[in-house]
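One structure coming up, written as structure tokens, with questions to follow.
Letters A, B, C, D, E, F, G and H mark the chains as written, and numbering starts fresh at 1 in each.
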Amino acid sequence: MPRVTFREDRCKGCELCKNFCPKGIVVMADHINAMGFHPATVVEIEKCTGCAICAMMCPDVVIEVEKEEKKVG
Amino acid sequence: MPRVTFREDRCKGCELCKNFCPKGIVVMADHINAMGFHPATVVEIEKCTGCAICAMMCPDVVIEVEKEEKKVG
Amino acid sequence: MKKVFERPKSLKDMPFHYCPGCTHGIAHRLVAEVIDELQVFEKAIAVAPVGCSVFCYEYFDCDAYQASHGRAPAVATGIKRVLPDRVVFTYQGDGDLAAIGTGEIVHSAARGENFTVIFINNAIYAMTGGQMAPTTLLGQKTTTTPFGRDHKLNGSPVRMSEMLSVLDGTAYAARVSLHNPANVTRAKKAIKKAFEVQIAGLGFSIVEVLSSCPTNWGLPPLKALKWLEDNMLPYYPLGEFKKPAEVI
Amino acid sequence: MKKVFERPKSLKDMPFHYCPGCTHGIAHRLVAEVIDELQVFEKAIAVAPVGCSVFCYEYFDCDAYQASHGRAPAVATGIKRVLPDRVVFTYQGDGDLAAIGTGEIVHSAARGENFTVIFINNAIYAMTGGQMAPTTLLGQKTTTTPFGRDHKLNGSPVRMSEMLSVLDGTAYAARVSLHNPANVTRAKKAIKKAFEVQIAGLGFSIVEVLSSCPTNWGLPPLKALKWLEDNMLPYYPLGEFKKPAEVI
Amino acid sequence: MAKILMKGNEAIGEGAVRAGCRYFFGYPITPQSELPHYLAKRMPEVGGLYLQAESEVASINMVFGAAGTGARVMTSSSGPGISLMQEGISYLAGAELPCVIVNMIRGGPGLGNIAPAQSDYFQATKGGGHGDYRLIVLAPASVQEIIDLMQDAFDLSDKYRNPVMLMGDGVLGQMMEPVEIGDQKPFELPEKPWAVTGRLRGKEKRLINSLYIVPENCEVHNFKLEKKYTGIKEAEQRWEEYRTEGAEMVMVAFGTSARICKSVVDRCREEGLPVGLLRPITLWPFPEKGIVRLVDSVKSFLTVEMNMGQMVEDVRLSVNGKRPVHFYGRVGGMIPVARDVYTEVKKIFNGGVA
Amino acid sequence: MAKILMKGNEAIGEGAVRAGCRYFFGYPITPQSELPHYLAKRMPEVGGLYLQAESEVASINMVFGAAGTGARVMTSSSGPGISLMQEGISYLAGAELPCVIVNMIRGGPGLGNIAPAQSDYFQATKGGGHGDYRLIVLAPASVQEIIDLMQDAFDLSDKYRNPVMLMGDGVLGQMMEPVEIGDQKPFELPEKPWAVTGRLRGKEKRLINSLYIVPENCEVHNFKLEKKYTGIKEAEQRWEEYRTEGAEMVMVAFGTSARICKSVVDRCREEGLPVGLLRPITLWPFPEKGIVRLVDSVKSFLTVEMNMGQMVEDVRLSVNGKRPVHFYGRVGGMIPVARDVYTEVKKIFNGGVA
Amino acid sequence: MHEGILIAGFGGQGVLSTGQLLAYSGMVEGKHVAWIPSYGPEMRGGTANCGVTIADSPISSPVVSEPTVLIAMNRPSLEKFEKVVVPGGIIFVNSSLINIKATRADVRTFYIPANDMAEEIGSSKVANNIILGALLELTRVVTTGAVEKSLYEVLPPHHHKMIPINLKALEVGAGLVRE
Amino acid sequence: MHEGILIAGFGGQGVLSTGQLLAYSGMVEGKHVAWIPSYGPEMRGGTANCGVTIADSPISSPVVSEPTVLIAMNRPSLEKFEKVVVPGGIIFVNSSLINIKATRADVRTFYIPANDMAEEIGSSKVANNIILGALLELTRVVTTGAVEKSLYEVLPPHHHKMIPINLKALEVGAGLVRE
């Protein structure tokens, strides 16, 4: 299962990640962070493909994506 | 016969008129004018067609060309 | 676990001051990724403009200059002529590059100055409060075109990439956009090519990046991307306008 | 007897200060003839540049301005925006228009300012003593390219007419030459069209005139014309790059 | 007359429109952006033109073009942009074209910041451009005064055929204060027999020009300008005196810093310290007369500026060594705090010239 | 050492090369064109660069770029071009970048003409750009001194991390005089631990910048600059005194006009009139110390300038009311004639303050 | 009287217009008033604040560097400006959005759940006016009448229907702090 | 000694380099010298002139506004500068190209057909030196030896073969005015 990490304090709640996630698993949290924004987070991480599209579209470099390494050969 | 008039004191002796006259009848005078240039002038005016090419190429608007008016009709 | 996406090394670990959803941030990251990938971090010198991205000198973790409004290409010329083996790039907005800095960008291109320009076209003067830029679209409302930009009054938007491509010194010119993932990927490729052109010493390279300004367009971030797609793309065609034979 | 050629009325009866054989004089005369023929003498306002033709404000017998170096298009903008029914034209050299005045000419064109530009391209900064201009040819020796202009060092000559034609606001752009009678005739036609475009209110019009500078090219007048023909024409193609449908 | 609440930057715009200005050419810059925003809306209402130029260099040259036709025209900017206009300003002064240039000064040098400052005093009053020329420089200290001085700016400009600069800062531009603007009066442009408008109806040829290739002629032109400047120095010095009667110390300050000094004067007077304020309204011509009038009765001067000491030179030149002239300045976008100025005043009163 | 005959403009170029300058960015303008012509040939000989910019605005910003790398770099222009550089100069001063800017002053204002003048004194010394900053301004009066001062210009510039301006005029630039230039000495660039050259070998990040968005920081920066300027004022005032011993009147003049005043001094002395000359070599810092040293023993001063009266303000500030300070000026490209200056001196001696 | 009121919050919370309303009301009452916004690129972050001075005598600097009253509409504003309030001054904390407490002991602090109360009376848009009501009640810097008059002047006619709810908000706010 | 020599003619007549030669010679002799050309757009017309000052004491202004000697190589130069020569000064008129006479009575005027004489001795290029020779003979401003030395310095080596004819021209010119 891939891992998607949000640096919550940096999130500005712009929703670009949420919009572009092909699996629709990024949602905005109910609480607000120190900057006053509802930060993004992933639900149903098991649906995540680790495509990193969310991260690619994040203007604030909030997101890191990790994936299991494929066995070679 | 056309009339080609040179305003001699304005001539800078650049020889453009001389070079471009299709009849080759523009020559540079031996004497120099007040500005120290050999001014252009026309010899054999009878060969002149009144084409005004000399005037058209003169950068210093030295030349005026007159021609007999064609009879109309 | 392998990181498939992480913060590029060349981007200092600090928050951007940009508004939520402002794609200046994506452009920054792409540039930093390219610097990382080309392993030119130690040689890189950034020239920051005046505009919302004025503080980019803080974000890129390489040596940097802050240039006066529009003059980044002249500053870059000065740097690159002294240090021809460094990798020099400017990062400029459309007010900076296409208005006040027209002379500098045109002649840097004409001279074939061997540096790279990242040109953020957001169709607005963002930093100063949303005034019309030379790239503002016809009909677009801004604080100085309250009734919409009108060709009769303000002329038509300039297509800088096309214009600069006319010049012999321009080695590489491309227009890209940041409005969706596919285009972000393409944008990065173009930025990488531009840097490669510089590293190969082929001359002037520029990547025009269509970018959003939610704040001054008065739109939420997603709608801003949609507006970009619907309105800017038709007027500003994407693609490579010029590339040297040497570059694949 | 009928005058088939005489001094145009719009050209004051005084000698030019130009060097022998300098085609600035021919360009002046053509502009004056066009003003006469279009009968716009009373409405004409000339804007003189800084360059050898700085005194053209004296020669054109209409109202006139002397503008700062490169800024004639901005000055003309100011005039024409106040007096839209006057016929305003700038007369600029290649240093004036293509170097220091790049921003002003590009944006006057982009805005579609409704005035006419006569652009004298003599591939040199003549007035200041023969330095390289943006339009100086590769290999051409000038006082600041003593070993000939080199692309690596100085970039390549800019083709302004082509570049300005990219802009939507440019209604008419043509390049002509003064090196022989046939071309002088064509030059006049282009100048006339440019003024007609203005009078019809169609936007920005520019005529680039290839012109000789015997003094700074170090050639006698005739050889200078030959040099122009042999060297400038191949790099600077003549023709109309843009014209409005309305104009025949 | 009813008052309305108005922003300084907008007051510049409205003041200009009421003074008959119909042409604005400019390039955006903080902290004056509300002015272009205002005029972009307002100019079309009065048949005027707001045109955004591609740069400050272009702006000032568009002003040159429009001013030469006789129109009332203005531009506006701040520090860096005004610096870029210096060549154009020198040309305007050389060609004797009337126009109004607004500088809402910000912290410098270089990009500095956008906070209020007064560090362009030298540039405005001594000539930031080349050659011998002068601008008439007006320094309002309230939104109401902005409105009033805009009218004067255009009138003086036409009267003397000279560019006029209005100097403010971000505080004056951004703040709102109540103003009385009254009804717009009909205005008539003064005759401008030198204006270039084409030779319609057989007019003699006219020319807008600053080129005098023969030094002798250029000198004559400069002498003519100098004579004009001397006349302006004689006739147009303006200043406000605030509680200078019986003052032993007079502060000299303009614009925003003068506002602060006023409150210091009040506090000092309350405490029985005989302190007054001379507030230059014209920075050029500097109100030398005002200083000279006070110099014998006053024991010392304190110049307070939002810079490192610029106007203080003009104060010293006016005082001409007869009294000590002290200086207190904040800089880089900082505004003097009344308390600190008061401390400075006290220090001088106690003989401690710090 | 053998003398050679050299043109002032070329001496600027040769002096720069000998001082280790390897980068020139500029835009042609009369009357300094021989300098670019010279350097276009000379720079390649020493592995340096002559690059013609598209404008003066570009030139000064190229200088900004090159200076930031630590290289010795210069530009050159005259009046209108220098005006266009004002924004860039303010940035250079704000970012504390060393470089040399040459202004061969011509008649102004506006396009004026190309004849010699000194009317850009204010612009150079008081700051033609925005914000509080200073240029070190050097004024040579002979071709030999041009060569010598070019070395000083680059050294001072590096020492203080401040732009230096060399001011001359068409006479100094166009004339040829004998000079001794000697052999070129090997030079070493001073260490520049602030220079931006990339983070090779793991260097810490460096930045060339003039932006201080927080006013508090900008003020600190300005105070730092001010401290530097105060140090320069203390350490670097330079002037030449010519026959000032026992002088009752001292003329103050720089550059070309100082040459003329020298001959007037000689004539006066021959006739027994105790007249001397103080020739400022640094215009900023103005040689106040020189004036102060003389002020008690001298009865009056006469400032002679090729402008309408600019340096005279600094003379007055230095004299501070203790003695009358007279002014004589020619302008617009005119050079004072020794005979006329002599007449002026006599007039003052005869008590007629004309 | 010399009140320096600093109103701070996120962009979009209407802090600038609330300040203008207050200044306008002061003007209506013939007082000396000045209003000044923060300006600058820090706006990018999305915070906004303005200072309003209302006084009996001419106002020297309109910049409110030492406020007698702070209205903190969000947390960053409280954190940033709490320390500059004059001793004895007042801090209003919008406790709907701010979940921390002020730390100063030498000022009077009022926690007002402005957004919640505004929703309660029917419009989230009048949160600022709830606090404004409290402010007027405590300081009497201007009268409610002046505010009402100002609302008619400031709001474009098609928004006049909003005036009653605005006045209601003032009333509610005042009630909260009325002893 | 303080000689101010104005040399004027068409561009291409070598007036600037003749002036430089003279200045160089003065320098060689340890005198104070200064040379200055006219500069400016009036060059467009094709005229050129320069001033050379040679003196025993430092030179104040290098601009020769009141020449002690005028060398007029063409007619416009004579017409333009005749009037500024100091009373008692010298005017050399290149009578090969100038067919008018000087009108001043208070100066000494010498008519020298310089171009013709230069052709005679074998090179039209040395016309200036004919007049220079006359000048030296009359004023002794510098010695012929200094000029010879200077020619070796000033001319590039491949032109040194021209030196004899230059010296010859000086000699011929001197002869013309030698009493």
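Going forward, a residue touches a chain if its C-beta (ideal position, glycine included) is under 8 Å from a C-beta of that chain, and two chains touch if they have at least 3 such contacts.
Remember, it's a predicted structure, so these values are computed and weren't measured experimentally.
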| item | value |
| --- | --- |
| Chain connectivity with subunit C absent, coordinates unchanged | one piece |
| Interchain contact steps from subunit A to subunit B (minimum; 1 if touching) | 3 |
| Between subunit G and subunit D, distance of the C-alpha-averaged centres to the nearest whole Å | 62 |
| Intercentroid distance (Cα basis), subunit F paired with subunit B, Å | 54 |
| Distance from the mean Cα position of subunit D to that of subunit C, given in whole angstrom | 34 |
| Separation of subunit D from subunit F, taking each centre as the mean of its C-alpha atoms, in whole Å | 38 |
| Residue numbers of subunit D (touch at least two other chains) | 18-20, 54, 66, 68, 99-100, 102-103, 106-107, 127, 134, 154 |
| Residues of subunit F engaged with two or more neighbouring chains | 30, 51, 54-55, 57, 80, 87, 91, 95, 110-111, 113-115, 209-211, 213 |
| Residue numbers of subunit G (touch at least two other chains) | 40-42, 45-46 |
| Residues of subunit C touching subunit A in the complex | 1-7, 11, 15-16, 18-26, 29, 180-181, 184-185, 214, 220-222, 225 |
| Touching residues on subunit F, where the partner in the complex is subunit H | 3, 5, 30-31, 113-115, 170-171, 174-178, 256, 259-263, 266, 335, 337-338 |
| Subunit E residues touching subunit C - in the complex, by the definition given at the top | 27-30, 33, 36-37, 40-41, 44, 50-52, 54-56, 80, 110-111 |
| Contacting residues of subunit F [partner subunit E, same complex] | 57, 78-84, 86-87, 90-95, 105, 107-115, 117, 119-120, 122-123, 126-133, 209-223, 225-226, 307-308, 310, 313, 316-317, 319-322, 330-334 |
| Subunit C residues within the subunit D interface of the complex | 99-103, 106-107, 110-113, 134, 151-152, 154-159, 162-163, 166-169 |
